[in-house]
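In order of appearance the chains are A, B and C, and numbering begins at 1 in each one.
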Amino acid sequence: MPHAVSTGTTIVAVEYAGGVVIGADSRVSTGTYISNRASDKITPLSDNAFLLRSGSAADTQLVSDYVRHMVHQHESQLQRPIDVPTVANLVMQIGYNNKNALSAAAMLVAGYDAATRQGHVYAVPIGGTMVRQKYAIDGSGSIFIYGYCDSEYKDDMTREEAESFVAEAIALAMSTDGSSGGVVRLVTVNEDGIFRRLHAGDKSVPRFGEEKDVHKDLTDKANAMQT
Amino acid sequence: MSSVGAGYDLSSTTFSPDGRVFQVEYAQKAVDNSGTVLGLRVRDGVVLAIEKPVISKLAVPGANRRILSADRSVGMAGAGLAADCRMVVNRARGECQNYKHFYGSAMPTEVLAERIASYVHLFTLYWSVRPCGASTLVAGCDQSGGERTPQLYLVEPNGVVQRFYGTALGKARQSAKSEIEKLDLSSMSAKEAVKAAAKIIYQVHDESKDKQFELEMTWIAPETDYEHRRVPADMLAEAEAEAKAAIEAMDE
Amino acid sequence: MQPSLPSHHPLLGPDTAILAAQQQSASASFFHNQRTNTAHQDANSNAVLAPASGAMPFTVAPPQAHAPFDAGALAFDAAITNAPPGAPNKHTTYPYVTGTSVLAIKYKDGIMMAADTLGAYGATKRYKSISRIVPAAPTTLVGAGGEISDFQYISKLLTELNDNDVIRDDGVVLKPREVFAYLQRVMYNRRNKFDPLWNSLVVGGVDQATGEAFLGTCSMIGVSYTDSHVATGFGNHLARPLFRNEQRDDMTEQEARALLEKALRVCYYRDKNSINKFVIGTVTKESGMKVSEPFSLSTEWGYDAFVHPTKHALGSW
């Protein structure tokens, strides 16, 4: 398959004091063509847990479909919301038991358990390892932001700090990785619920390095023309 | 019982004209003849106790257990045919292990009790098998939201599962149940329940009919880290001594 | 090289495999593992499913009766991947997230085992707090190098084994030698299915009854041996020469720890897939089993030749 549809992708998830913040870029490519420039790679698995998908779009969508099915069955038997570690475990089981079929499915699972008042972030990379982490990144763009994330991550961030940590990380990855781009989608899960946030367009996605000033000139000129 | 006999009590796949399945009722009789079994669900744990008749002076004390673990924190006390109890417990162990392997966490007691009930129920549906001659008390302490919730379920040969604060099975179930009703279970600690259970077993034991018995007792409590364990020997001895003393005091 | 495998039934094109998986859903065990799927496939599917051409299997599929949800059915077959028709079933062909060396030695009181906490993704040092030394039985530690997901699976098997001992509560628990024998069988069985668990394992512990220390290692293809000192991966080349010179079964705890730290340091200097974050586990008759908190070691970069690389020779170092 020369041109499988791939989410290329940068995905980031972080636990903060009181919940989790997760984020993803929106680029989907087929070869060098961007087949979807505003996709949503943050897929709900339960009322309080999400799957962040990277790698093959088809494979990871299938995984999320199966897990959502299992979550439904499980919740209707238990008569209570499923907890995040169990959701992560289901993703892992599928990843591990089908490691050859899913050789391009790298995923993160993140969510918040109201019962234990605890956020959870799990990495489930190719191969079906399952690792709980304070923050996790994956996707082709993630390799460009290991340094940023290791240096900027702090334990027990506030919600605002965590949201800018994730948004900045994804914007940075998008600036270097050709397979990541478009908009930055953020989801915050905490005691109060689920909050989606979108960073789209020239003003709200920061630019870096040698692209930075061009951006500034552009907006300045645009503003000048308008006035 | 007018319907007894009349040809409708030989198979569990045939109802009697008045809507009963006699083979299943007979299985219940096997349970009712058993040594008394007790389950108490209290504030911070669960206690299971069983009056185990000593079948022979040559029997090894502590052997032939009737209270077994299905999982690290699930206890099952069986009344009825010992071999049927063992079969049910083995099934429960398999269910618990499968669940933990797939979901990565311990099986909730309620789900386990329902699965055991479904399993037992299957034995009432086919001509080729005999109904299960065992009732089991399923005790657990589920973790939900950082808290532990004690649980006690009864699974009967007909496949019915019920949830209890406290219940009793076997020969002296009626008097044992009325003793349990006198207890304030919701404020009692597991440690206190161990003594209460011992006392009831000694109290309802029919000295005239039965010979010697052995008191087998397990608990799930903060003291056991919410795992299902046998009550330690010294604690058991103390509870038994207190039970005997209380009964002597009552007799006087 | 891919070993040749018994192929499918000639009539059964690769696309039909997914139907085979659905077919068996009613009878398959609750928890699926890869082994059962391939095994059942030939037996189950021939009669109903095999279309003459191997194409368009869905048109010949019998209607599916409603069956309770079965996790086993979730296993896709390798044949529905991108492999060309007729290609042999592939299982694990390379590891993804890997751990490096595990080192272990016997000493006076029992055994001591050490490893770093890295889970590497290729050459990326990705997961830095992975426990690769875990308790397997009351006096047995198991350490693993190689694929972390497979080790997590093995850990689960060991937990189940140990839980069974706890549940039976008959006073019988597994000894280190028995855990070792079990793992030998698991590893060898899987390699015979051409589906190896991609690990090198170290088993260490003390027999509670006799106080005798045990140390053994088992590779992914089931090769195993016991010795007074063992190591996996790079450790075989870097640590064991040190052990051969310095390890004695009667060395003290301090001596043993110093030797392991020395070996860990060498491994850290020369193994690019290692990090300076280690754990040491011990099993002794007296104080049972312990696994330390993670710690790091001092390193030395002050050698004259390092500081002045061109002092003794011209050209690049």
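Following the convention adopted for this analysis, a residue touches a chain if its C-beta (ideal position, glycine included) is under 8 Å from a C-beta of that chain, and two chains touch if they have at least 3 such contacts.
Just so you know, these numbers come straight off a predicted model, no measurement behind them.
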| item | value |
| --- | --- |
| Third chains touching both subunit C and subunit B | A |
| Centre-most chain [mean C-alpha coordinates] | C |
| Between A-C and A-B, the pair with more C-beta contacts | A-C |
| Chain separated most widely from subunit B, comparing mean CA positions | A |
| Length of the line joining the C-alpha centres of subunit B and subunit C, rounded to whole Å | 41 |
| Subunit A and subunit B, separation of their C-alpha mean positions in angstrom | 49 |
| Distance between the centres, which are taken as Cα means, of subunit C and subunit A, whole angstrom | 29 |
| Residues within subunit A bordering two or more other chains | 92-93 |
| Two or more partner chains touched - positions in subunit C | 71 |
| Junction residues of subunit B, two or more chains touched | 102 |
| Subunit C partner contacts - residues on subunit A that touch it in the complex | 1, 66, 69-70, 73, 92-103, 123, 125-131, 133, 143, 146 |
| Contact set on subunit A toward subunit B in their complex | 74, 77-78, 80, 83, 85-86, 88-90, 92-93, 113, 115-116 |
| Residues of subunit C defined as touching subunit A within the complex | 32-34, 69, 71, 74-78, 80-82, 90-93, 95-97, 119, 121, 124, 126-127, 130, 147-149, 152-153 |
| Parts of subunit B lying in touch with subunit C, wherever the complex brings them together | 68-72, 93, 97-98, 100-102, 227, 230 |
| Subunit C - residues contacting subunit B, complex | 30-31, 71, 156, 160, 163-164, 166-169 |
